[in-house]
Amino acid sequence: MNRVKETLRGLVQPVLAILIGLLAGAVAILVVGGNVLDTYAEMWKGAFGNFYFFTNTLARSTPIILAGLGVALAFRAGFFNMGAEGQMILGGLSAALTALYLPGPGWFVCIAAIVAGILAGGIWSVFAGWLDARFGMNLLITTLLLNYIAIYFGGYMVSYPFKDRTGSAAMAQTPMIDQAVWLPKLFQGMGLHAGFIIAIVAAILIYWFTHKTVTGYEIRMLGSNPSFATYGGVRRIRMMMLSMVISGGLAGLAGAGEVLGTQYRFLDGSLSSASYAWSGIMATLLARSHPLGTAVAAILLAALQTGAMGMERNTDVPLEVGSVIQAVLTLFVSAQIGYSFLKRRKEKKSNAATV
Amino acid sequence: SKDEQSAQGGESEKSLRMALVLPEKIGVNPFFVQMDEGFKKAGEEFKVDTKTIESTDPAAFEQNLRAAVAENYDLIITATFQAEDALKKVAAENPDKSFAIVDTTVDLPNVRSVGFREYEGAYLLGAAAGLSTKTDKVGMIAAMDVPLIKKYTEGFKAGLESVNPDAEFLVNYVGGFNDVAKAKELALVQFGKGADFIAGASAVGDLGVFEAAKEKGFYTSGQDTDRTVEDPEHIVLSQLKSTDTVAYQTVKDFVEGNFQAGAVNYGLKEDGVGLTFVTRDSESALSDFVGQEVIDKVKAINEDIVSGKIVVKDPLQQ
Amino acid sequence: MLLEMDQITKKYGGFTANRDIRFNLREGEIHALVGENGAGKTTLMRMLYGMEQPTSGTIKVRGREVSFATPSQAMASGIGMVHQHFMLFPSFTVAENIVIGREPAAAGVFDRKQAAAQVNELGRKYGMPVDPWKKVSECPLGLQQRVEILKVLHQGADIIILDEPSAVLTPLEVKELLANMKSLAKLGKTFVLITHKLQEVMDVADRITVLRDGQVTGTLEAKDTNVEELSRLMVGRELVRLNKQPSVPAEAVLQVDGVSLSGAKDRSALKDIHMEVRKGEVVGIAGISGNGQSELIQVIAGLRNADSGRILLSGQDTTNWPVRRIREHGLAHIPEDRYMWGAAKDASVRENGLMGHHHRLQTRGVIKAKAARAMVEGWIKQFSIKTGSAETKAQFLSGGNLQKLIAAREFAQDAPFLIAAEPTRGVDIGAMETIHAELLRKRNEGAGVLLVSSELSEILQLSDRVIVMYEGEIAGELKADEATEEQISLLMAGGKERI
Amino acid sequence: MQQLFDAAMFGSTLRIMTPILLAALGGALCSRVGLFNVGLEGLVLIGAFSAIVGNYLFGNVLLAVLFSIIIVMLFSALFAFISINLKANAIVVGISLNFLATGLTTFALRAIFDVKGAYYDKDMVGLPKWDIPLIKDIPWVGDVISGHSPLVYLGIILVIALQFYLFKSVSGFRLRSVGENPIAAQSIGIKVRGIQYGAVLMCGILCALAGAQLSLGQVTMFTEGMTAGRGFIALVATMLGQANPLGVMGSSVLFGFMEALSIRLQGFSLPTHFTLMLPYILTLVAMFFFKDRTYAQDALKAGGSSR
């Protein structure tokens, strides 16, 4: 009973935020002279209109879920890891290079490529963790800076040493990965690939890890109160490194999934231009770092994005309405409207009762 | 079934529906702007329902392309190298659909590919610059250090060297397609180093280059459409690329039943690329900086390329 | 009457912190306000200072009824307050801290020279000199206290409220403070002194008001009363001496062998500490906080590394081991600050209770959720911890209930050695008795207990031996049944002789 | 080498530095009142856009800048309201604000000008370039210092003014006290919220100026996402300068200089990817050397309490 009540109370906030977001979107639609209901209907169709669009939405959510999970874990441990983008890029790059140059049967290379992606993302992330732990360099800032370095490094690698010289050779990208190595599509002719299953499994695993295991418990306590964790025997530096590795590894996995499941090569700029990492951060914020919630929020954000694409295809309302809604709802989700509102009501009631 | 529905829902005669699915936002990129214009113009002329769909990133593009298939357009046109991967997948999965792609080649039985040889136009521009420069220093502000852009930088360089081997060629990269402030800053730097002609090849960034030219009084050139009209005093040349013609022609061919798969290639010879004043006249007056004499020389070079006497190397085929 | 508070009631939701309080001040007196933790002393004074508004009741200053919406308004009526926790800006200078809010300025430019001059003048006038240019973070606590008082004086206050000013001071500093108060009172200033130290009250106060459970239980002239009467009024009954059997100490469970630790500003926090705790005894560490007790605990518990010396736990050298190894080797620890060290506020009661047990309650890295829940729910019953459920967040527990949870968790560690630091801070009488009884039970079961407390009475009640710390050193050691408050106080104040 | 460090290079350092400096000063003010503003990037973007809108509406640069200031102040007030009144985590609000700015400017570009990607009008007049009378004739110095937009000079003046304000004036002293210990400040009757609002709004003004410098000073147009990460760099400059105007100036100069240098280095046969990377690597190195923890810790504090 109490649990249900607390879960409900936890939901007030996001629901209110979503409402405010939709309201802001409605204003934007009205500004450009659209019909709010029709436009939202088109948006709904674009995201969930039929099975095809639904899988589209899930496909887009895949990297967002994974990047978001990574960020969520870091947040849980108390570290503001803003480096998902760079970690994702290096993960994607490493996965592509492994997939291209490692000999062996397809399934084996595919797994190796995923592992390589996870490792690259993890190492890049733990590097920032190390700078913080060892030299006291603020993690929030270093991870931001490391993003730029990763972006340019990835760009260099595919513009020069590993550039695709086959075909028109006009893009900064690696050659196409052999078909045997691809992550399989889940349905013929649709974008959704096995990466989505990996993402959902990852969400469940991370939930299980943080909520059920000893290490997850230690990580969460570290994030809640580092002194308390230290007092209870948690090794802060070790747990920080661990959570940063997993966090970056998940972002790397997100990049690897996009490379092996959607693009079949590493294409310069393709991961950053889609803002997967930032959407992942938003999903985490929406879900207050809960792993399963992050997955749900990621699907919601992906739906907003694919819905906005559908809306733009079929109405004159520009796509950006989607990002306005997204931004407004994250803006308000951490605001304590719901809570303080409820509390004030409660207080009034009890005052009335006692006076 | 959806096909039938739309057929029934239309007028008595079934009107064709075509989609132009672009891998980027149109923005102020003249390449896409023109193409969209040509596409829409053909749509009006031939009574075709046209729909232009823009995309924000590669994954979104693939989704849009698939959505266009799902929404059952009769012909789907797309463009640029960025569309290549996705089109290969989607077109192969939908062999009964017709596709066209502009600016690159996709070798599939249901895809018509239209390519350009921009480096030929760039060669002419480079030659014109080499003949016009007074300081023997010319520059180019390119968008990014990526292979695609080499079609511009390398062609330009070859043209420059062919007429003026002493000229120094400065090239700087903005590192993006939208950073006008940085493009301008780079142009100012090249001007500071003594360049009197600085070509813009940085997409939106060109606006920054033009502004720098206006401010400092050097000469510059634009891309794709005749940009000289914007500021004839400083934007003295423009390298042309007729994406509008190509889009128009593709729609026309489809309506008239002449649509064939396979690759077509547009260069100077086919009038798909060119240079203002040389291959095409301009509304604006020719700047004294270039002068008719230079134009005449470049016209001669153009003829040599058209006739095959000069072969401009494709920088991507090294 | 200078000030009258009449029929003051303050409610927080359903909870009444102050009920129908009548409190008044005469000009130039020192008026002590005493009462147990949570009796409502601070609440009453916060209302006087405009930080809270009474639910009902009136306040009159010099006969005129006032109501303060903000501290500034109270200040304007000549009321100043020195808070329980200092309200200072550590990186600002002494002068800046004193004049803030009333800065001398010309055309909006802060005249720091003028400020320093004012501070010097103020210090001279009231006999409390300070160096105006020194950074507050570099001042010892006694000086910071003085800065707080000077700040209030600079604001022009005639009524000065001091909320537990002596809790963090050394005896010498306390003495100075009391002397200063007396001389200021002679100059016409009026004081409200909140304190738990009844001896201080007897030393300086003219009148005393006692609060219990938010109500006044008496206002007395100091000369007509004594410490015993005051404590009875505070607690509501005679304090019973705990039924403590004589201890049967066995072998040493903790040996501290020449441990030293350097502190801030080249002062050493611990200097060559030698001590031991045997199985079956409670060793109390007395001392004014800030004399190295915290550091000693932290070094023993592995939260800080000693610079030199050895620590043996059950005969094993555990110096500078990681916390977890020390704990697993046999250490339980009730930390001194429950919010900083003892709990994670936004985690649930169950999760807070699991800490330290989580390596035990697991199979292959997975926590045994059922067992963990049963364990915590057992404590909730045993210690009657008031909580919604085991899933309630710790931040919703009252301080005392959280303290009970922490104590229960550490009692359950099943370790031969327990550190209990301020185990009953902010805890009500009932819970205090439970915790005290548990501590003794632990001792009787043969564990060694190291009790650190700033409450002398607690130390005297529970300990078999008392160690007094002063400035990072052991100032003396006494047998509990022979020790008197006077002896301990003397040692706490730095009186060196061994008894 | 000579060619590398010519006058033009220092001139570009000044130009590149200005938007970063202005935004970073705003960031410093926020951080001085205990709010760590990650939303600088978004505020500057909105500033750049609304400056162009203002110019389009009024055809006057001064009014355009004023218009931009008003609009950005509205958004910074939103930041203040959500993080102060609704007690949301300031970092989260800042991140969302960045998203909002990207979406909203692109959207408004289409809604107001009916264009995509960029708004450009060749008749639009940007901020003037001021030639400083005497200085402009001094050979090398003139080339560096003279001929910039008024906002470049304003930026430098503001550094001095803010330094003076924060450390010499009474009101600046109180502002700092709010960041140092808000509870203590409250206890002596300082209006903590009011001061926080003031600082955030001031930050809005500075970001508006930074944006105007980008869209009306550096160039005269608006392009989508034209801040291109400058706001994040400003954030780094705030931290590196420890929220001290002079320190912020130092780190902004460092960053402007690195960027100008990286442009020069493109001439040498280093791949541009590495020259573009250089400023970020050097910032990391600089962070390594200047790490007074006080303000870093503020950020951590703000970050730590987000869940």
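Which chain is which? They are A, B, C and D, in the order written, and residues in each are numbered from 1.
By definition in this document, a contact is a pair of C-beta atoms (placed from the backbone, for glycine too) under 8 Å apart; a residue touches a chain by one contact, two chains touch by 3 or more.
All of these numbers come straight from a predicted model, not from anything done at the bench.
By the document's definition of touch, common neighbours of chain A and chain B comprise D. Interface comparison, A-D versus C-D: the higher number of contacting C-beta pairs is recorded for A-D. Relative to chain C, the chain whose mean Cα position lies farthest away is B. Mean C-alpha position of chain A lies 28 Å from that of chain D.
In whole angstrom, the spacing between the mean C-alpha positions of chain A and chain C is 46. Once the centre of each chain is set as its mean CA position, chain B and chain C turn out to be 76 Å apart.
Among all residues of chain A, those that touch two or more other chains are 155, 159, 224.
Each of residues 271, 273, 276, 307 in chain D touches at least two other chains.
For chain B, residues touching at least two other chains, in rising order: 54, 145.
In this structure, the chains touch in the following pairs: A-B, A-C, A-D, B-D, C-D. The touching residues of chain A, when paired with chain D in their complex, are 28, 31-32, 75-76, 78-80, 131, 135-138, 140-142, 144-146, 148-149, 152-153, 155-156, 159-160, 223-224, 278, 281-282, 285, 288-289, 318, 320-324, 326-328, 330-337, 340.
Across the interface of their complex, chain B is touched by residues 3, 6, 8-9, 12, 15-16, 115-118, 120, 122, 129, 214, 218-221, 223-226, 228, 263-264, 266-267, 271-273, 276 of chain D.
Those residues of chain C that touch chain D in the shared complex are 51, 70-72, 75, 81, 83, 86-92, 96, 100-101, 103, 105, 108-110, 151, 155, 346.
By the touch rule above, chain B contacts chain D in their complex via residues 25-29, 54, 145, 170, 172-173, 175-176, 178-182, 184-186, 188-189, 192-193, 204, 207-208, 211, 215, 230-231. Interface residues of chain D facing chain A in the complex, by the touch rule stated above, are 78, 82, 86-89, 91-93, 95-97, 99-100, 102-104, 106-107, 110-111, 229, 232, 235-236, 239, 271, 273-274, 276-277, 280-281, 283-284, 287-288, 291, 293, 296, 299-300, 303-304, 306-307.
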